[in-house]
Amino acid sequence: MDTTIAETGQLWPWLIPGLPLMGALLTGAMHLAGLRRPKNDDKATSKPLAANIAILAMAAAFAFSIKGFLALRGGEANILSTSYDWIPTGDFTVSWSLMIDHLSSLMTLVVTGVGLLIHIYAAGYMKGDTGYAKFFAYLNLFVAMMLMLVLSDNMVGTFVGWEGVGLCSYLLIGFWYKDSWRAEAAQKAFVVNRIGDAAFLLGMFILATTLGSLDYSAINSEASLLAKPELPWKLSLAALLLFGGACGKSAQIPLFVWLPDAMAGPTPVSALIHAATMVTSGVYLVVRLNPLFAAAPLVLTLIGAIGAATAFVAGTSALRQRDLKGVLAYSTVSQLGYMFLALGVGAFSSAIFHLVTHAFFKALLFLAAGSVIHGMNKEQDMHKMGGLKAHMPKTCLTFIAGAAALSGLPLMSGFFSKDEILAQAFAGGGVSLILWAVGLVTAAITATYTWRMVALVFFGKERFDKQAVHPHESGALMTTPLFVLALLSVGGGILGLPIVFHAPHILGEWLAPVVEPGQAILAAAHNGHLSHLTEWILLGVGAMIALGCAHLAFHAHRQGTQSDLAFETKHPELALSLSNAWGIDRAYQVMLVQPVMTAASAISTLFDLALIDGAVNGLGRFAQRLGQRVSRQASGHLGAYGLTIGGAACALAAIWMWIGA
Amino acid sequence: MVDLLFYVAAAVSVLCALGVVVSANPVQSVMMLLGSFTGIALIYLLAGFQFLAAIQILVYGGAIMVLFLFVVMLLNQGDPVALAREQGVLHKEQLAGGLAVAGSALAVLLVAVARTDLPRPIFGYLWPEGGLDPLLGMAQAMFGPYVLAFEGASVLLLATAVGVMTLAKRQRNKPVAAASTSEEASA
Amino acid sequence: MNVPTEHLLILSAILFAIGMGGFLLRRNMIVVLMSIELMLNAANLAFLAGARQHAALAGHWVAEGPVMVTFVIAVAAVEAAVGLALVIAFYRRKQTVSLDRLSPTGAASKAN
Amino acid sequence: MSFESLQDLYLGAGPALAPLLWLTGGLLAVLIAEITPGLTRLRPAVVPAALLGAAWSAGQLIAEPSGLVLGGTFMGDSQTGAFTLIFLGATLLAWGQARHYYGQEEPFLGEHDALLITAPIGMILMAGAQDLIVFFIGLELLSIPLYCLAAFRRTRDDSVEAGLRYFILGAFGVTLFLMGAGLVYTTAGTLNIEGLGDALVALTTPLGSVGMALILASLLFKAGVAPFHLWVPDVYQGSPTPITTLMATGTKAAAFAFLLRLAPILPSEAGLPLGIIGVATLALGNLGALVQTDLKRLLAWSGIAHAGLLLLVISAAVSAAGTNQQAEILNAATSALLLYLLAYAFAAGGALGLVAWMEADGEDHTQLSRWQGLGSVRPGVAAGMTLFLLSLGGIPATGGFLGKWLAFSTAVRADMLPLAVLGALTSVIALGYYLRVIITMWMKPRPESWAIPSMNRPLAAFLAGFCAAMVLALGLIPGFVLGPLF
Amino acid sequence: MPLLTLIVFTPLIGAILIALVPVREVRVLRGVSFGITLLTALLGFLVWQEFDPNQAAFQLTESRPWFELPGALAVNYSLGIDGISILLVSLTAFLMPLVLVSASQSITTRVREFLVWLLIMEAGMLGVFLATDIFLFYVFWEVSLVPLYFMLGIWGGERRLYATLKFFLFTLAGSLVMLVGVIALVYLSGTLDIAALTQWAGTQPLEVQGWLFAAFALAFAIKVPLLPFHTWLPDAHTEAPTAGSVILAGVLLKMGTYGLLRFGIAMFPLAALEASTLFMILGALGIIYGAFLAMAQTDVKRLIACSSVSHLGFVVLGMFALTGAGLRGSVLQMVNHGLSTGLLFLLIGMIYERRHSRELADYGGIAKVMPLFAFFFVFSVLSSVGLPGLNGFVGEWLILLGAFEASPVLTAVSVTGVIFGAVYLLRATRLMLFGEITHTENKTLSDLTPRELGVLTPICLLCLVIGVMPGPFIQRTEASLAVIEQRLDAARDQQAARVELDLPDDQKPESAR
């Protein structure tokens, strides 16, 4: 890590997470203040104010992100901003410090940019909700935490954001807490995230104890140094555990189960947290620590494998969803799998590329879906939609743009990012070829479910109850962000055009200083440079598959729900298990959750109450009973007293005689 | 001859003591007790303690026995009705226990006696020089070092008189004067 | 008399044991008191045995034993008086001198 | 022996005997006041006057010990003086509690006082005895008045029976002592403690051992140590409460005072068995107390437990015999016993005093259930009782804690750590029943229909307050006791 | 100015003052006692200010001869404060006024008695932390038991009598064993001064240290409470009135961990090293076990109580890791647990006063009618589960880091406590706050009053401050902890030398324990 740190005295980077945090505090205070007021108070006055504050905070944060970006672009070294010591551990000290480097700068741009759009959208979407100010407080807090996550110079700071976004996710999933299933989903999200966090913690401890520091710069330089000779297994273990943390946050097998349930939150939340930002933090972490992971090839392979598996499993699940947001949720999991697949083959910048484009088009898809749901009076079942193109053209248009990007139709942003990953996998050779194959299949699946969704929602017959539902287009506040995002989804590809286009890979070059150390370590392992021809062929294959599957799926579902129902009647069990993510969630319930709860009640009643407490109380009762017996000796029967005293005297005399002897 | 007399006296006192314990009639027990005390007094005499033999007879025979007899009579304990009411002589429920404890007491004492080698005086257990009796020595000790015990005993007698009087008095009639009673005289 | 001290002690022990037997086995309080008197006498014999033993060893009379015996005899009288007074007090309440007629105690504790 | 030599003998013993003379004088004065019509009214003043005079003399004795007096039969040292103070305090408490306690027996208070003032004479003789003869007379002087006093409420079966039980067993105990003393005398040729100390070899012969064991048995009986403890609950419960106070505090103290004198002449191997007996007694007493529903009986059982702990102290002193820290441990044991007994006297005496007070409202008020919710109507009484019980339980800031500290520290210093730990653990049970009383008083509601206990007993209130103050003072500023004594 | 004496005796004198106020003047009683606790808190703040973080030894010391024990042992009334106690003293002084205010609503019967006990309790607890004479320490140690006993027994719930007895006897059993240990220590060393005792004990061989350590550790383990001795805690917590629960969780349990540190680790480093694995195992087991217990509870107060077992497992784990981070973390976590669990108990108390039920099943959906309550509840839960940015995280993180150095495996086991903590606390949150209101009684619940907000807010703010800026808190402990670390290092050297010496004789160090 030769990118040295130039300036440490600057505190303005703190404004990037700080402003949303202030926004959160302000809007939160507004919410709390609103609670204390009489019920019939005019809340309307405070409402736009809350949204405005939040949006303003986001805009300012975005502005400062750009400032950071420009500073770096101007050739400045990484900007380190240390405020004060946080935790002195005795051996080293953890500080509150932020670092703007090429990676974090990019992430802040994405987070604040997409976040800003979603905020604007949410101002329209949440209109009329009683928890309006609260919602924006949470949303702003989330952004602050996410920025903390990506900006922190050390792992502990990242962990603050890491858990902070988890918390906000919890709060937002359970935003409509009156429905207990939403509250349960929130709890599940938090707990599953915590499993990952626990692994993260352990990984962090390994690094802290072996390397003596938790600053990224120190870890990355140390790790790459250690990588040269025999790698200590401890570092591999650390990498594995950190990946465990990433699994939790980025919803990878085996910890992905919370994400589909997380759709219980309001749709902007799904867009922001469960598609664009928080779930990508796992990817961010691996890239941030790329020398460490590069130095642990086994872990890297595992990451690739898990990524591929997740991509496939989630993709197939997405095929059978009837819930609009369900499809998107599983799609997100699947795409995250893609990113991990990329990480697994050492294509760090490709993963980030996909992360960025995914943030664009998935946010778009969610927001558009939100617009649909909004227009359909909270209806989410695709089987009860159809033909919405006519009712909400703007939404339809933007949704199709997103779908095209997601499914990787040629020249869309997703096309480039996905194909870059596939190309890298193919270039890796050996085991990576399997990953490539899985990726390709998943690409086909992706195209299939995406266009199934498009067809079911916007085309074909109108299957909803026309008396009850009057689909309508959303307001400008909501559609404007859609268009911005659509633009980004379509054109995002220019960030990373393939080499064969002979255009600069903007993103790759931008990230080069960050991923270089990792790449350097990996360089020894494989040097996958593809010939231009191969790359052309791969691009072509990708385009063909995407187009073909998209076409087939669109036409199969255009007519309506028949093909879905046909499949369900033909393979009912398969359909069910597919729609439930291969039944993994159910398996967790049966194999993990229930045993733990049973064990808890068993420990509580059988072990603790019966055994330990029983022993304590038993001791008490035993003493009581013994006391009864002892007490009963003094019965008032003088004969017995005499016998005891005489006998005892004799015994004492005998003992004494024995002692004397 | 003198020694033989000791064994006779010892036998008498032991037999009488047994009689005290097993007699059904308390009056008989009192008489047996008197016999036992007399035997012991004889042993005192044989051992050279004439004064002690005398007070043994005087105090035990003359006072304590009379006291016992008096109470037995007072409470009609010789009466057949009373005898019947007391449900047998011995406490059958704790016969075994009592015998065991008494027996073990005897055993412990006898073992202790048997296993201890008391030094034997060269000239046997004959009277020492300087008189027939340790009376002078006793007097000197009582008014010398043991004066505290002696005076204590006198206080004890006084307290006993008060206590016994209080106990034996019937309730509700409060006499002011503390006349000496038969109990006190016995001391 | 040239009887060894041991024999006096044995006599004392036997009388003590008999007294203890009476004390433990008889129901009649008055007889129990008599048994105590027997035991006191047994103890007195032991004191005299000691006094004789040490007098014989030392060649002159020793005073402690006989003094003790005197006190014991006095105390025996005292105890007899107090004991009988208590028996009378008890008899006045229960019209009996049987030890078995003492009320049982500690019964209340079972209620707990 | 000439008159002059006798004069020397007597006069030298003056300071040591002064407390005894005060008390004897008091006894005579009580009797004279009782039978002289004009002086009857003076009688209530006589006993406290005599007790205070004796206390003053005892204080003098502590300040200037006169050592062995009367030809080595009596020890007039500060230890005797200190124990004397405890005896006098106990007697004073009992005397105070007895005012207005008796109903029908009130006319006999003269006799009562005469007997009451005799008991400490015996106790002092026991505490100072350096000769078994003196001890024997002391024992009788203590016991005989207590037999009579236990049966003092002749209108009640339990009182008469308490006296009878106490007497029959006590007389049996005395015969054990006498038999033992006889055997000891036969082997060692002396009844003097110092002489016995010189003839330790004789005491380890079987005959001597049996003798010592029988003496010990009788002492343990008086102290109420298991397995000689069975009489304690019955007698404590049946006796008039003031007399229970005297027995619980005075008799126990006297027995242990003499055990302390005896400790140096016991074989050091006896330390362990004695310690085990002590801990067993501690456990037994506490277990017995755990299930009692009568306060007096509960305090009796707890008294047994306390005796067990004190025996542990004695055993520490015994086991240190012959080692180079004998003197040190003996000193520690002495101070531990004294302080423990002092604290115990005030705590148990205070508690029993409150019981006696409550009894004014009915004979069944010794029942714990009758104390229910007392804290809400008579918080002062309940608070006092709480303080006394906490002191008995050895909670810090009370005298009981300091006693416990010293007691355990003696055992620990004599390398009896396991016994000390066992003792500590068994005393947890003690808190179980003390807390039950506290729970009853404070944490259970008082039935509406129950009358509020009367409060018109200024002397009892004063004594309870005094005890409470002493318990606290011993816990918080123990220097005033520890300083002059040790 | 004898600051420490003032801080101990202000509540005590206050208690006497209160006792003189007529029972009926409830307002006066409350006002005066609040004033007194406030004054104490002010004094606590002064102590905090006066405290010199760079000094490792006791400071602000005061000493006066008290009395002399036989054996020429001078007992002194001596107070002092160092890095180990400063946080706890401040915490006690800080919490008390708030507890008092919270109690003013819930306690309506026998108010004067309650206030007297509360003030005595404060004096006792402060005394425990401030005493530098072991006799004085022990006196305060046991004296602080009594007030809680009464508070529990008089103002507690239905099974209060059982709980009081259990609480008292359990703790006392440990205390008495400790008493024997104290006595042995004192007479072996010939001093009662804690600093001198620490010096002396450190030089003793393992055989001596081991026994003494065991005697002390048992008492503290019961108080903490460590695993097999924990069953008194749920009962006591469940039955105690809110103020009692808060004090119990906030301060009283800390007496155990404080003791383990001062009289376990600092005093007997060799023994602590030997016992460290055992205690870490107990701590880790406690974490998991407490969490499992909490998961199975249906009574929310009992649930929080069980969570205490789990949280204190963390403290013990970190402490007996015997590493710099672990020690720091455990010292800080004592405060954190006091704050966050105290908060939770306060909140449970507030809802209990409205609804008179502690059953989870009787609630549900009350976030709708009590949004402020919900806010504070969630805040407390988050603080309790150790969310970064709040106090719990800093302590837990340091503890786990420190523990990881000592035993990665046990740390891995303990880390699951982080997960389970989220499980049971969020479950409770969900069942209480979220979902539809199913009980009609709950529909009319009123939200927190300003007074209640006044109680909760300062604690929450402190949670936040410790979370983002624990520096001033940790810094004050550092000097003293550094000394402990030095002692431990010396002991480690000694241990190593000993192992080398003993190796020929067939692995003696194991059996030497």
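A, B, C, D and E are the chain letters, set down in written order, and residue numbers restart from 1 in every chain.
The rule is simple: a residue touches a chain if its C-beta (ideal position, glycine included) is under 8 Å from a C-beta of that chain, and two chains touch if they have at least 3 such contacts.
Here the structure is a predicted model, which means the values were calculated and not measured.
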item	value
Chains in simultaneous contact with chain A and chain B	C, D
Starting at chain C, fewest touch steps before arriving at chain E	2
Geometric centre: closest chain by C-alpha means	E
Per Cα centroids, the chain farthest from chain C	A
Chain whose Cα centroid lies at the greatest distance from that of chain B	A
Where chain B and chain E are represented by their mean Cα positions, the distance between them in whole Å	69
Cα-centroid distance, chain A relative to chain C, in whole angstrom	95
Rounded Å distance between chain D and chain E, as computed from the means of their C-alpha atoms	42
Chain C and chain D, separation of their C-alpha mean positions in angstrom	25
Multi-chain contact residues (two or more partners), chain E	none
Sites on chain A at which at least two other chains make contact	624, 628, 631, 634, 636, 638-640, 642-643, 646-647, 649, 653-654, 657
In chain D, residues with contacts to at least two other chains	133, 136-137, 140, 144, 147-148, 151, 154, 161, 163, 165, 168, 172, 183, 186-187, 205-210, 233-234, 291-292, 432
Chain-to-chain touches, reported pairwise for every pair that qualifies	A-B, A-C, A-D, A-E, B-C, B-D, C-D, D-E
Interfacial residue positions of chain A with respect to chain D in the complex	620, 623-624, 626-628, 630-631, 633-634, 636, 638, 640-642, 644-649, 652-657, 659-661
Of chain A, residues touching chain B in the complex	639-640, 642-643, 646-647, 649-650, 653-654, 657
Chain A-touching residues of chain B, taken from the complex the two chains share	91, 93-94, 97-98, 100-102, 104-105, 108, 111-112, 115
Chain C - residues contacting chain B, complex	1-22, 24-28, 30-31, 33-35, 37-38, 41, 44-45, 48, 51-53, 55-64, 66-67, 69-71, 73-78, 80-82, 84-89, 91-92, 96-100
Touching residues (chain side chain E, partner chain A) in the complex	166, 170, 228, 230-232, 289, 292-293, 295-297, 323-325, 327-328, 364-365, 367-368, 371-372, 375, 382, 387-389, 393-394, 397-398, 400-402, 404-405, 408, 411-412, 415-416, 418-419, 422-423, 426-427, 429-430, 433-436, 447, 468-471, 474-475, 478, 481, 485
